[in-house]
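There are two complexes below, and they share chain A, which is joined by chain B in the first and by chain C in the second.
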Partner chain A sequence: MNHATLVRFRHGFGVPLADIPQLSYDEFRESLLEEVTADARVAAYFGRPVSQNNGEEIEIFAILAHDWRGELALLRTRVSGSFPSLTLECPQLHLFERELAEQFGLHPEGHPWLKPVRFHRPWLEVDDIWGRPQGEHPIPRDMEFYRVEGEEVHEVAVGPVHAGVIEPGHFRFQCHGEEVMHLEISLGYQHRGIEQMLIGGPHPAAIYQVEAAAGDTSIGHATAYSQLLESLAYSAPPPRAQTIRAIALELERLANHVGDIGALAGDVGFLPTASFCGRLRGDYLNLTAELCGSRFGRGLVRPGGVGFDLNGALLQTFSTRLKGLERDTRGAIDLCFDSPSVLARFEGTGTVSTDDAEALGLVGVAARACGLVRDSRLHHPLGSWAGGFDTPVIELDGDVFARSNIRRREVYASLELIKQLLKRLPAGEISSPLGSLAPDSLAVALCEGWRGEVVHAAITDSEGRIGRYKIVDPSFHNWSGLAMALRGQQISDFPLCNKSFNLSYCGFDL
Partner chain B sequence: MIGRIALQLAVLLIFAPLPLGVINKTKALFAGRIGPPVLQPYYDLGRLWRKGFVISRTTTWVFLAGPVVGLVVPLLAALLLPFGGLPAPISFTGDLILFVYLFGLSRFFTAAAALDTGSSFEGMGAAREVTFSCLAEPTLFFALLVLARGAKSLNLGSLFGSQLAGQWQGDASASLGLILVCLFVVLLVENSRIPFDDPNTHLELTMIHEVMVLDHSGPALGMVLYGASMKLMVMGALLVRIALPIQTGSILLDLLVFLAGLLTLAVLIGVVESTMARLQLPRVPQVLVGTTLISIFALVLVLR
Partner chain C sequence: MLSIIRERLRQGHRTAKYPQIEPTLPQRFRGLPRVSENLSPQTLSAAVVSCPFAALSDHEGELQIDLGRCLFCADCPAAIEYGALTFSNDYRLATSLREGLLLNDEAYRLADKLGKKMHKLFGRSLKLRQVSAGGCNACEADINVLGTLVFDLGRFGIQFVASPRHADGMLVTGPVTENMKSALLDTYAAIPDPKLVIASGACAIAGGPFCQSPEVNHGIGNLLSVDLYIPGCPPHPYTVLDGLLRLLGKTPG
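Entry: the complex of A and B
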């Protein structure tokens, strides 16, 4: 039945809003669940206010990814006031529904875990569904935490200020002795309102805001943003620019994965790898800086192409530097993976089952470590990945070892990919002018950042300006995975599990 | 007697932070770094001494008693122990029990000071510390009993007397080797070294000893660190004496042998820390039960 009710498309093109059928909530619910049963997963789920003759309604869009078919399915419906929650039937929606509740004052009836997500005031002039005082900014962490009662149960609260120089977030553990029964994570300390700032654009400042959506995924977010605008403008960047973007993405992956392996080694007190990888991460970042002047790749990816060319002399520098770096990286990483005492800590710690990973809709490294083949370079290729990527890295155990081994293997794979990309770098321009955006259209862009799939979606208004912008960082899906991984674990293993996910706080908080 | 005591304390007070500097330097070399200067622990103590206290309003005098007792106990314990060839200044029958429980006393006050803050981290740390050290205690006792059997005496002065050199050549050498290993493990556990604890971690959830002193600052933290370094030296003295039972007769030469042994031990600790990851917390009691069994076996060997 659902052939008439949803739109299937590949990303890279805008879809006119008029082509997307408006479903009743029941039809929407039925189609969504049907698609999810047929192996789709929720890539994005967001609302936007639309005025209706009898007041304001919220239009909900669901973007479902069919990985093996390489296509996306699009559903839309309208609700107002309250709507029956789908979380019980489709747990991967739980944060998206909480997000809708917080942004628009909607009430998802029957939501089992209805708590604020980012602790901000509703976007519209509506009552806050948690009854927080009007006119004041809500206080992060001000919510009811899940509690386990009992004489031998104790609660440990960690953060928002942590011992290391990291981002703020609050963790609440319910423990029985050293064993964690439940972990609840409350974020939102770094909510900046990026999605709101992008409305009315594309503004000149937008690309800088997007690059800072999650600072360690600057290239990933900037690439997704650029792909999105190019889709809406029905233009494609020159092939040379696409390849440079792909190289930059792999460099970002290398720097972060190498850094993570070092940090994992540091957490278990294995010092040589911790020190070497810290240095090597810097070397990869410096290589990115050689290309564009910024260690985090800021200013490199621009809508329409890239801002910096990888010309002859630089190409030579890249090849020689990478050769030396590869030798050092392999040495440092293998040292750690050859140590029985390190493996004893990694193996069997922080396991997430494949079923849980699928139900929670995990993406990226965390999903691939649970045996889920989820890699947008493979499933939703765009630009230079089209037909050029066929070897996603998969591990089956879902534990810290699996997640670190994914990183190790992806480091080696990325080194190989960069070599190939450098060899077949097409000649030509690095940028082409971006036309105006198609009015009343929706576009989606998926980009495999180092942490996982970065999803950007935008809807343009009748004048071709951005009316709603939605960012889904991989961390948004994966924080639930971390909470799940801690069940029944030793509390002393939390830092190790946390590092093995290494999720972004600001990517979640936006 | 007074001269002996003064010498013993002077050696302890002057040289205690040095092994820590050597450990850190060794670790740095393994990691390909230059690392902090060997004298950095002294600079740190000087820096902390010049700072002010920050004391939480929820704490009482117990909170400050922890560092004070932690500083005094190793000083007292050092008086019962020979430093290499230098004989113990104070010695009486059964002082080995006093020796072991002096550290028990210091642990009690450190744990009480940690609980006094009311922090959930420090409570966790205190629980871990007392669990692990009560499992480490039997190993220490059985090891001392092996030595007592050889020395036919129950005071530490004669346990670590000149007969050790002869024992290494005799039947007891296997037992001595075993307890040397066991005491090394106890040393690592008691001084919160890798693979049992990580003295450098910033992750409060994984710490054992360090988490108990999180709330101390300034001179109080300096006292904690100084006390910890003296504890390492006192416990190290046990190992050094067993491994190098050399008696030259000259005080200066004996002292040099002792310090050389101590620094070698520090290098060894640095090597262990550089080549091993930390054990998972539930594995620590298992290792300690293992060392207890090994030390019992060592005792059986000398009793037969």
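Entry: the complex of A and C
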């Protein structure tokens, strides 16, 4: 392997841009494919204009995660106009390349599925590669959908507005009778332009925008954002703050996993668990609110530390409430997993093979349910996770049951982790001042949110301001997993499969 | 079956006695702000510019907070650095008018009961269609919570329905992204007249944390006429419930 072509580093530190070699596209391609063959996966892949004056040339950065080595590899190259697509050789790049096409008007030649991602105007004054009129806002789901033709083949279109109280998205099913042959998912309805708003920062408003990148993962995204700024400022938050962040992250996982198990039980008509878990989810959110006043953890995680301490009386409240909650949670969840009628609906439904999961670069719960060991707390620990987490939860079957059972086991694991973290909560400050950001540097932060790995990356300009900010929510990778899970399924199983992934629309749309 | 009954008995009855008994909210919960009096002109102007979401203004020498823009930030510089306001524990925030969200030292006027005709139609049964138009899923999640057995929204005659054709009104969350604008207006058009519009959360009222993005509208205010504003980022479930019950005249007292 050509070591001169790439930089290897652990997250938690900034890398001066000058240290990252500029590769020709051929070298970049070769190194990237070599790394992926050697077990790396694409954590983030993004572009930025080389200079404001020269809108044509775009610099591409690839951040590859070597999970078992606990390190990241970094590659960069420059392209303009068009470049040969790598998607056929490395399918997990498919959305990242579409993103480049949509944002910068680049043409990834030979991309097998070149469609818009979020339906916004190009970020630069360039022609839209789909020929949509300049100056006008693109129309969502205005694209060619994959179609199956044939006798008795029909198409079902759902969304953007769905039947429940949920976010908008469009689903297009190609069906033969009840059987789904293909599902195509077209999103972008929640696009608020977060990455663009963060440019020129860190702005005072930024942390609130990041907390609302995916509102159910406020702690995950705010932690990644804070880690990133801390890496760029070469400062670490006090140990007490890191432990409080870790506790909050597990509380977020608990609330969402418990809620998901309830929703899954509800979808197969098993009401006792559905109602118990609906209530318990709220109890976990209320515990987060005891800590910081907000049920979603708004205001807790801040660059440099945390905004609220977990002290005296509150520690007692936490222990007491968690004890009661654990008993109720176990009681509620076990009912559903002991019920043959529930298991009959969960098992063998919506299966994703390990090979597909790996090729698509799935992360988090969806990946671990397919036997892939992917958990940032284990592989890329930072702060209080360093050496403190060693048992990721893995299932092998890749079906609805596997994804549900991952949640069940992670609920129990998180309860245990919080107990340990509360016991060894270090004394000291909860926040330290964040210095100025290093200029002309790149940093990456990974944080295992409840859905999976949340990746934030930023590049600073010569004055230490943010020149490019990239967010990769776990849902960005995993929506493709849901589409695969539906192949050969009954269309009536869509709600169940969808719940078993429970992906974020706004985290994808940004 | 027996284990289900046993678990049910063990978990007990958990529906809150609201609205007869007031809920206990966490000590650190940030509710209705109170404006500090007699601020010096320097402090006032410093506090006004300190808000990144332009929620504060100078109203005849006194601080005025636009609750439609306020995100109830934990690290509100106007509250912490300048002592210009404090957050109380009061979760009741919903109002009927956009101007009603402008809070100064006068008493805050909560939402009014529906007019006679509308109340006759919807007072005993209100079916709502929820549309998320760029919401981050926190507002949506805390509206979903109203369906759990703790709040049991159905006992007040309020229900979220699957089709706009079955709805008496629309509850909107999110700042209205460019990409959701037409779907939102289509949904509104599909609801039979007469109909209500509720803006829930800072985004739906004025754009929330995304108020400066060119990809979003500044909430629904300039698209549709709104009957109920529910502030917060996201609003607490009790804030939403209180607003809905006020609209229907079902709050005690």
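Assume the second predicted complex is superposed on the first by the 505 of 510 C-alpha atoms of A that agree within 3 Å, B and C clash if a C-alpha of one lies under 4 Å from a C-alpha of the other, contacts with A are read in each partner's own complex, and residues count from 1 in each chain.
Just so we're on the same page, contacts are C-beta pairs under 8 Å (C-beta built on N, C-alpha and C of every residue); 3 or more make two chains touch, one makes a residue touch a chain.
Not measured: the values here are computed from a predicted model.
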Superposed partners chain B and chain C on chain A - clash or fit: fit
Contacts of A:178 with chain B and chain C, given as first, second, both or neither: first
Dominant toucher of chain A (residue count), chain B or chain C: C
First, second, both or neither for A:353, with chain B first and chain C second: neither
First (chain B), second (chain C), both or neither touched by A:154: first
First (chain B), second (chain C), both or neither touched by A:291: second
Superposed model, angle subtended at chain A by chain C and chain B (C-alpha, nearest 10 degrees): 60
Partner chain in contact with A:80 - chain B first, chain C second, else both or neither: neither
Partner chain(s) touched by A:302 [first = chain B, second = chain C, both, neither]: second
Touching partner for A:342 - first (chain B), second (chain C), both, neither: first
Which superposed partner A:272 touches (first chain B, second chain C, both, neither): both
Which of chain B and chain C A:235 touches, first, second, both or neither: neither
Gap in Å between nearest CA atoms once chain C and chain B share a frame through chain A: 5
Common interface residues of chain A - those touching chain B in one complex and chain C in the other: 163-164, 272, 275-276, 279
Of chain C, residues touching chain A in the complex: 3-4, 7-8, 10-11, 14, 25-30, 52-53, 71-75, 77, 130-145, 147-150, 160, 162-163, 174-175, 177-180, 183, 187, 203, 208-210, 212-216, 233-234, 236-237
Footprint of chain A on chain B - complex, ascending: 27, 30-33, 120-121, 123-124, 194-195, 198, 200-206, 273-283
Chain A residues within the chain B interface of the complex: 154-158, 163-164, 178, 265, 267-272, 274-276, 279, 339, 341-342, 344-345, 349, 490-496
Residue ranges of chain A in contact with chain C within the complex: 118-120, 137, 140, 160-161, 163-168, 188-194, 196-197, 203-205, 208-209, 211-216, 218, 272, 275-276, 278-279, 281-282, 286, 289-296, 298-300, 302, 307-308, 328, 331-332, 335, 338, 504-506
